[in-house]
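Next up: the structures, one after another.
Presented sequentially are two complexes of subunit A, the first with subunit B as partner and the second with subunit C.
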Partner chain A sequence: MFKSVSGFCLLGPSPQDMERHHNSATRTPLNNVGVQRRSKSYRLSYRSCLGTAASRLGLTPALTARRLNTSRRALKPHGVAEKVDPEQLALLVKTEWQLSYVTPLHQFRHTQLKSYSRRLAAFIAAGKQQGLAVAVENPQTTFRVSFSLVEGMTESADDAETVLIQIHARPSFAGQDEPQRPAWSGWLTCVNGNPDYLRSLPKDFTCLPLFGSSGAEGLGALVKSWFQQSFDCCFGPLEVSHTSLQWLMALWTNCHTEASIQHLKMIWTLPAVPPLEVTYTVNPEDAWELWRSVRKQKENRGGGGEEEENCIDIEEVADFVQGLKSHFYRHFRLDLSAGSLNQVSTALGSAKHSGRMKISNSRYMTTTLTLLTESALLKMPI
Partner chain B sequence: MDDTTKRLVQRLVKRIPAQMLRTTLDKWDRLTGEQKKSMDFTQSKWALTEKMLDLCEVNGLSVKHLTELEMIYIIDNPNKGMWYAFQLMDPQDDAHSVELMQFKEQFKSHLKELVRHVSIKIKKHTDEAVWIRIAWGDTFARPNHLKPTYVVHYLQSPYVFVTSLTLKQKPLLSQALVLSTRYQAIKDANLSGRKLTAIRDLLMRKYQQVFPTKYPSPLPENNPTISSIETFFVLLQMACEAFGGGMLPQLQSAVYKLETKFRDNSNKTMSEREEPFKCVVKFASTNLLESFRHCASSGIASTPVTPLLSCIPLKGRNYFVITDNGPGPSSQMRQPQN
Partner chain C sequence: MAATLSLSGSPGLDPSSSSDQSVSSRSNNRSLRVAEKERKKNEAEDPFVLALKYFSDVEAGTPVHGNDEVEKNMVMVEKVAYMKGLSPEAISIMLEFAMSLRMGTTLCARVLKCLIPATVVPQEAVVRAVVWLGIGKIPISTRILFIKWVLTVFDMIDAKDQLRAIYGFIFSYVTEENLFPFICHLLYLLTRKEKVILSMYILFLQGRQPFLLSLLSLYKVFCPELVTLSISSRIKSGFRNHNMPWKSALIAVQKRNGSQVATSISLASAIKTNPRKRKHCHLELPVLSSVVSKEAQTDPSSSRKVVPLVQLHSFAHILENMHRIELPAQMGSLLGSSLALQYLDCVQDESALLRLNFWLGHALHEEFLFCGDGGASQNSEEALQFLNTLLSTQHFLQEGFSCSEAFLYKFLSVWDGSLLRPQILGLLSNIPVVPSSQIRRLLFEPLMQLFFTSSLFFKCGLMECLNNMLLKWLTWHSVYALEDDLDISLNSHTSINMTLSRFKDSVMELVDFVGQLASLSLQLEGCHSLLLSFILDFYETVCDTFLKYGLPLVVMPTPGVFYPALFATDPVSVDRLAYIMYRWGLELMLQPRKNVMQAFHISRQTFREFNHYAVVMVNCLWNSNMFQPDMGVQLGEELLLKSNVPQYWTSFDLIHHPAFMSYAVDFHQRCWPERKDMDLNSIKHSKPWSWYLEYLFSQGYDGLKQFVQSNISRPLTAAGGHVDRQDDGHVDRQDNGHVDGQGDRQDNGQDDGLSTLQR
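Showing the complex of A and B:
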C-alpha cells in the first residue's frame, strides 16, 4: 500500500538538482539512498497515524474525500491579526502563492535562521556562477536573503513556527535604492497539523509541510534545491483538490455574516470540444441563505449541541455544492459534475486547482491554512 | 508636421503588425513604388515610424490621409476590440428605399448638427457594409483622431455594429443613425464580442441552419431496439437544430444574469423562499456555439436543449436577464430595460 521506497525522493529533486547536489559547496553528507533508508526506519508514515481505516483506503484518488478530515471547526476569525506582526502579515496576504508540499526537514533549527540566510545567498551565487537560469535582467545583481520567523500563525503547540524567506535583488550600481518588492518570497508553515503524526516524528525532524512560493521561478527552484540538500527533504507540487476547493467555498461562505464575501465565484471547465469554461458567480446573500438552509437541515436531522454547531461536516459541504449545481442544471441542463472545478474565489481569498492560492483577508487565514496543511500532509509520499 | 499627425503615425505603425503593414500600405496607395520599396519591414517599429514620418512629410500627407490608412486596416482586420450590436426599430415607410448616397449625406449632416466638431469618414465595403469612422470633438475641442468610433451598418438590414463608443457619444450616434436610416428608434441587441464577423454572421444568420427532419425523433431513452448509433444521430440532429450545422460563427462568450427562484425538492427551505436566487453565469470558449453543439450531441447537455442556450443563435444575442414569469416554474426570457 505504501509507495515503494525508491519512489520517495525521486519525486523531489530533478536530475539537474541531483547533479548540483554533488557539486555544491554546501554538501550534505548523504546521497539519496542513504536518506531514504534512514528516514524510512525513523519516521512513521502520516497515513498510519490517521488510523487503520485510512490506511486501508490506499492511494486511490477517488477516495480523497475520506482522507481529508470529514469535519472541521467552522472558521472563527482567529485573532491572527493581533498575534502576528502586521508587517509580516502584509507580506503574506494579497499575494498569490504557488503551493508545494515538503517532507519533514532533518536538523532544521529555528535558531539558525541567520546562518541559513547566508548559506542560501551563497548557494544562489554559486548557482548563478554555474550559469543556472535566474530570471534577472542585470547579470551583476547580487541577492540578499533573509529568513525570518513568523510567530503567532498557529495556536497548536505541536506546530513548528512558520518561516518566511525573502530574496531581494541588490542592483550592482551604488546609490540605487533597494527595490521595494522582493524578487522572490516564500514561506514554510504548519497550521494545526495532525498532532499524532507530529508527535511521532523523531526529535531531529521539523515538520513544515506547506510551502508557498511567489516570484522569479528560477530563484524558487534554487531555494527548493538548497532545502533539499540541506535538510534531506523533498518538495512536490500540491494541487488544491476538488474536495478542498469545495471546503473553501463552504468555509468562506460561512463567514459571510462577519465579513462580507462580496460574491462566491466558481470557475468550472466542461469537457466539450472546444472546452467550455463556466464562470458561476453567486450573489453573497443568496449563497449565504443556501448555506444556512443546508446547515439547518443538518440540525433538523439530529445534530445538536453547541459543539456540533461549530463543526461543519463534509455532507453539508456536498449538499451546498449540490444545491448550486442543481440550480444551474435547472436552467441550462448541463451537469457541472461532468466537468471539473478549477477555481473558487470570494473577497476572503481565492484558490485554484493548479495549486495557486491567495488569502485576501488575514482574519480567516488560519482555517484556510489548516485545510492546506492537511492536504500537504496527505500528499506527501510516505 | 503637426503633433496630431505625428501621434497618429506612431499609433498606426505600433498597432499594425509588420506583415500587415506592407499590404495595408499597398492598398492605401499614397506612397510611390520607390518609397514602398525603401521600407524595411524587418526593422524595429521605432525605425519604421521614423521612416513613415519622413515619407509623410515628403508627400505632404496629413491626418486626413492617415485616417484612410487606419480605416483600410480596420476594415481588413475587424476582429479586434469589442463590438456591440444594435438594432434599428420601427422603420418608416421609406426606410427600405434608403440607398447609399442618401444615407451618407443624411448621416453626416445630422451628426454635424449634433456635434460641433466632428470628423466623419464613410466608406462602402464590398459586402453591402457601410463603414463609418467618427472622430469626436466638442464645442471647444477639435476631433480626437486617436480614439475614433467605428460603425458598420448593413443597408437593407436593421443592424448596426459599433466599437469604441463612450456613454456620452451613444445618444448622439443613435440619433444620427435613426434619422438617416428612416427608422424610429434603435435598441441594444444584447450581442457583443471581439469578432465582428462572428456576431454579424450570428445576427444575420449567415451560417448553415438545420431544420427539424420530417418526422419528430423520439428521445431513445428506454427503447432497447434503438441502437447507440441511432441515438448518436438523434442527438446530433437535435444539437444541429439548436445551434446550426457546419462551421459556426466564432462567438466567444455568453452571459446570463439569473434572477429566478431556487427550486429543488431536496431543499425545502430554499424552495419556499420568496426572493430570487441571484447569480451570473458566463460561458466562454474559443468557439462557444461549437462547444454547446458538442455538449448536446455528446450527452454532456441533456436534450432537448434548453431554450436558454438555443436562444443564442435563435435570437442572435449573448446577454440575457432571466426572471421567473408568472407563477409557473419555467423561466422565460425578458428583455432588459433599455
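Showing the complex of A and C:
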C-alpha cells in the first residue's frame, strides 16, 4: 500500500543517508525540534498564523525534518550512581524493559503519587474482575500499587522527575495469607529532553516521553489505559531504530577502558530465503582497537580541542560499523549492509529493535536514556 | 429494566430506536417514548413489526415445511438482526417463540443463531427461556446452543438478580453430561458467596476438567473450608469462548450502532483478551467520561459547581450550563458525539485543544505511519470510518486540526495516491495556509510526484482538492481579515502588512503550482475535457480573489491553460474561459476604485498579460484574425499554407471554432431553411451575426455573453452598416496607456476601461 514504509524513518536515516544528510543536518541542529504552539491549537487567527508569530511557524515540527542528533557526548560514568537512591537504581537496572513512547501527560502532579497509587489499584482490580461477577471486598488485598519518585535522574532543569510504578499482586486463587509478589513494574522518564520542545508545552502538561514496562502484559495494558484515561495521553510502541542501535554499540565500546564490555554481540537478519540470522560476536579488545582507530582518524582529520574530544560524531559511528561489516565480509563473503541490525548487546546493556532494552551498568545509564528519550520525542505527533 | 416485556401487546419494535440515542439521552426518554408511540402507529405496516407479530401470535403445531409465510418472516427477522440487531422486545418474542418449540425444533436453533441484541437482553426473557429448558423437549445440541448464547450476551443482560435467584435450578443441569462445561461457566459467572453451600454436591462429580476446576477454585475462594481439593494457584481460566456463532455479527452490529453497552463481549467469558489481537485499537474513539479527580473537591478555588459533559443530553442543556461545563477525561471522546462537538466549537482552552491534537495525531501516526505491517490496509474499514469522522468534525468546525496537518506532510511522501484517496484529499484540502517558504518542500514536491505518476482520475481529484484548499484559504482570509480588523491600507512597515504579503505569497505559490500542474497535465492527457473542467474550476476561484474574498491579488493563468481552454472542442470550456476572463477584467477595472492602492500594487505585467489574452480571444473568436504575429501561438506562414486549410485565419472564430461549429450549422439551417448549399460565412454579415450571437447566448453561454458585452462594444448604430470582418479587425484599445503608466494609475487611467475593443 505504501511506497515504502520502512524507508520512511522519522528516527533517522541509514548510515549512508546520514552521511549525505550530515551537512544539512548540522546546519539545522536539534533546536529545530519543537512543538508548535498556537494560541488556539486548531483555531487560527490571522495574527497567530502569519502575524508576529512568524518565527513560531518556523518551529512547526511538521515543517522541519526532525532527526536524531548527529553528534553526542561520550558516555561518562558520572552522576547517576551518586545522585539516585541505590535501591531504586537497582530496580531499574538488570531488567529488560519493553519501551513505549508517551504523549505529554495532562494534569499529572508529582505530589499526588499516593492518590494515584490508590486509584490505579482500584482500576486494576475493577479491570481484572470484569466479567467475573465476584464481589471483592478490598482490592488492596489483591493488588498493591506504588508510585514512587526517582530523584536525581534528570539532567536538565526542563526534565520532569522520573516516576517508578510497581504492582504487587497475589495470584488469582491463592489463599489470603500468601504474600504478594511483584507482578509488574514500569517507569516514565525524561532525560535531557529537547528543551525547546519541553518549554513549548503549556504548564499543565508533564512530558515524560519514555515508558518502560516489564511484567505481566495484561497488567501493563491496564496501567496504560489508566494513564490514558487519567491524563489523556497516548502510548505507542517505541522501536530502537537501526541508527540508535549503532549509536549504542559505539557508545558502549567507547567505555571499554573504564568498564569492560566483555563482548560486543550483534544479531543481524539478512533477507534470504529462508531468512538468515547472523550472530556476530566481537572480542572486546578487537572492538576497542577498531573503535580507537576510527577515533584516531578523526583526530588526524583535524578534530578540535577538548570539547571536540568528548564528542562522538555519527560519521565515526558509521565508520565503526562499516569496519565491522567489512571484517565480516572478508571472512564470510557476506555483506551485512544488505541486512538489518536487530540486536546489540555488551556487558553494559542490550537493546533489541523490537524495543526491548536492558541497562546492566547504572553508571552509563544517562547517555542511553538520553538517546532513547530523543527517539521517543521524535515519535510525538505534534 | 427498560424491557419489561408485554408479550401480548403490540411490540414496539424499531430496533434502531434505542441505538440511535448513542449520546445517551436518558433524560428525554419520555419524549422519545412519545415519539416512538407515534412512530409505532405509522409503522404498523412495517414488515419487521408484522414478522414479530407473526412469531408472537403463531399457534403451536403450525407446520414448518412448505410454510412460505414463516420462511418470509424468518428471513425478515434475520435480516434486521444482522443489520441493526434486535431490540429487547424483539429478543423476548423470538426467544419465547424458539424455546417454546411452538413450531418444532428446527426453527429453534435458527432463531437462536440470529439473536443479536442491539442494546440489552431483558433478564426475564432469559429466565423464561431457562424455564422452557426444563419443560420442553429441546434437543441437546440446541440446549447447548442456548447456554452458549447466554454466555455470549451475559454482559448485556440488563440485570442478574433473577438469574441468581434460580441459581439452584440452573445448577441442577450439571448432571447432564453434555451441558456440564457450559453450565459450569454460567454458574461461575453467577456465583455469590451464599450460593456455594447449596451446591456442594458438585464434589461428588469426579474429574479434573479445567472448567470444573475453575468453578471449584472460585468456590474455594469463597468457602475455603468446604473445598478440600488442592488447586494450583496457577491454573488458567478453564472456560473457552463460546461466542463463535454470534461474535462477529455482534461486533458488527455494535459498531454500526455505535453503542457502548457491553463494551467487550470477550470479557464475558472471563478470558483475557490478547493484547496483540487488538493492536489497532488506537482508532477507537475513547468513551466520553468525566474526570475522576480528587483535587477538584479539595481545591477551594473551584467552589463553583461544574457539570460533566457526559451529563448533558441536549443542546439546550449545553447552552444553560455553558459556563460551567467540565471537559471530559479524554478529549478524543468529543469526536464521537455530535452534541460534544457543539461544545468543542466553543472551547478556547489551549490545553484542551492540545490534548485533542495529541490524541488525534497519535492515532493518525500509529495507523498510517508507524505500523509497518500495512495495518492500514488490514482494517481499512475502520480507518475509513475514522477518517470520515475526522473529516466531518473538521467540516463542522470549519477548520483543520494542526495535528492532521503535521501528519499529512509526513504521509504524503509515503502515500501511494490510492489508499483512502477521497479522505486523504479531503483532509489535505483542510490544511491552513502554509508559509510560502515551506510550501514547496512540504506540499508541492510530494504532490507533484504523486500527480504525475497517477491516473487521470487522481489528477482531477487533486485539482478539486487544491481548489477547495484555495477556497478555504480565501474564505479564512475574508473572515479573519475582518475579525482582526486588518486594515490593509496601513503603511508598509507594520507587521500586519507583512502578514498580508506573506499570505499573498502563499496564495501566489499555490496558484503558480496549480498552473504548472495544469499545463503539463493537459499536455500529458491530451487536453482531457474532464481535467480541463477541474482546472477551470480552480481558475474560477482564482479570478474572484478580490471581488469575492477581498484579497488584493491578481494572477493570470499560464498559456498552458489558456490556449487549451480557448481551443477546446467542447463549448462549455470556451464559455467558462470567457467567464473567467470577464471576471478578471472586472477585477482589474474595479480594483483601483477600492481605495486600497497603496497596499495593492498590480504589476504592469499583469495588465499586459490580461490585455494580451483578451486580444487573442477577441481576435480569435470575434475578428477571425488567428495567427497574428504577436499572439502566443505562432505558426510559419508557409506551414499554414501547406496545411491547405482555406481561410485558416477564420478557423477559430465563433462560427468555425470546433466547439461552436455545430451551433453555426444549426443556426444556418434555421436562418435559411431553403438554402441548399451551406455558406457559414454568410452568418458574418451584420444582421445574421447579431442573431447568431443571440442564438448562442440563448443556449446558456452566459460566460461568453458577459465577455462579449464587457470587452466588445458594438456600435448599435452599425446595425444597418456593412461590416467586413476580415479587414475590420483593428482593435481600438488603450491597453497600454494607463496600464503602462508610471505607477500613478489612480490619477489618470481609472476609468479608461481596460480593453474596449471596437469593431
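One rule holds in what follows: the second predicted complex is superposed on the first by the 294 of 382 C-alpha atoms of A that agree within 3 Å, B and C clash if a C-alpha of one lies under 4 Å from a C-alpha of the other, contacts with A are read in each partner's own complex, and residues count from 1 in each chain.
Everything that follows uses one rule, which is that a residue touches a chain if its C-beta (ideal position, glycine included) is under 8 Å from a C-beta of that chain, and two chains touch if they have at least 3 such contacts.
None of these values were measured; they are calculated from a predicted model.
> Going by the contact rule stated at the top, is it subunit B or subunit C that touches a larger number of residues on subunit A?
The partner that reaches more residues of subunit A in the superposed model: C.
> Tell me which partner A:Asp335 touches in the superposition: subunit B (first), subunit C (second), both or neither.
Touch status of A:Asp335: first partner only.
> Between subunit B (first) and subunit C (second), which does A:Cys234 come into contact with in this model arrangement: first, second, both, or neither?
A:Cys234 sits against subunit C, while subunit B stays out of touch.
> Is A:Lys296 touching anything from subunit B or subunit C once the two structures are fitted on A? First, second, both or neither.
In the superposition, A:Lys296 touches subunit B alone.
> Once the shared chain is lined up, is A:Ser354 touching subunit B (first), subunit C (second), both, or neither of them?
In the superposition, A:Ser354 contacts neither subunit B nor subunit C.
> Report for A:Lys379: first if it touches subunit B alone, second if subunit C alone, otherwise both or neither.
A:Lys379 contacts subunit C only, not subunit B.
> Does the superposition put A:Val278 against subunit B (first), subunit C (second), both, or neither?
In the superposed model, A:Val278 contacts subunit B only, not subunit C.
> Let me test your reading of the model: by the given contact rule, A:Asp286 touches which partner, first (subunit B), second (subunit C), both or neither?
first
> Which residues of subunit A are in contact with subunit B in one complex and with subunit C in the other?
none
> What does subunit A use to touch subunit B in their complex?
Counting only subunit A, the residues touching subunit B are 270-283, 285-286, 289-290, 292-294, 296-297, 319, 322-323, 326-328, 330-335, 338.
> Which residues of subunit C touch subunit A once you look at their complex with the stated criterion?
154-155, 160, 188-193, 217-218, 220-221, 224, 231, 233-235, 264, 267-270, 272, 275, 282, 286, 289, 292-295, 329-332, 348, 350-351, 353-366, 369-370, 372, 374, 376-377, 397, 399-403, 405-407, 409-410, 413-416, 419, 432-433, 435, 438, 442, 476-477, 480-481, 483-484, 486, 495-496, 498-499, 502-503
> Taking the complex as given, what residues does subunit A use to touch subunit C?
Its residues touching subunit C are 1-8, 10, 36-47, 49-52, 54, 57-58, 60-63, 103-104, 106-107, 109, 112, 115, 119, 130-135, 171-175, 178, 201-202, 204-205, 217-218, 221, 228-230, 232-234, 236-237, 379-382.
> Which positions of subunit B touch subunit A when the two form their complex?
Residues 256, 258, 260, 262-264, 266-267, 269-270, 273, 275, 277-288, 290-292, 294-295, 298, 300-303, 305-306, 308-309, 322, 331.
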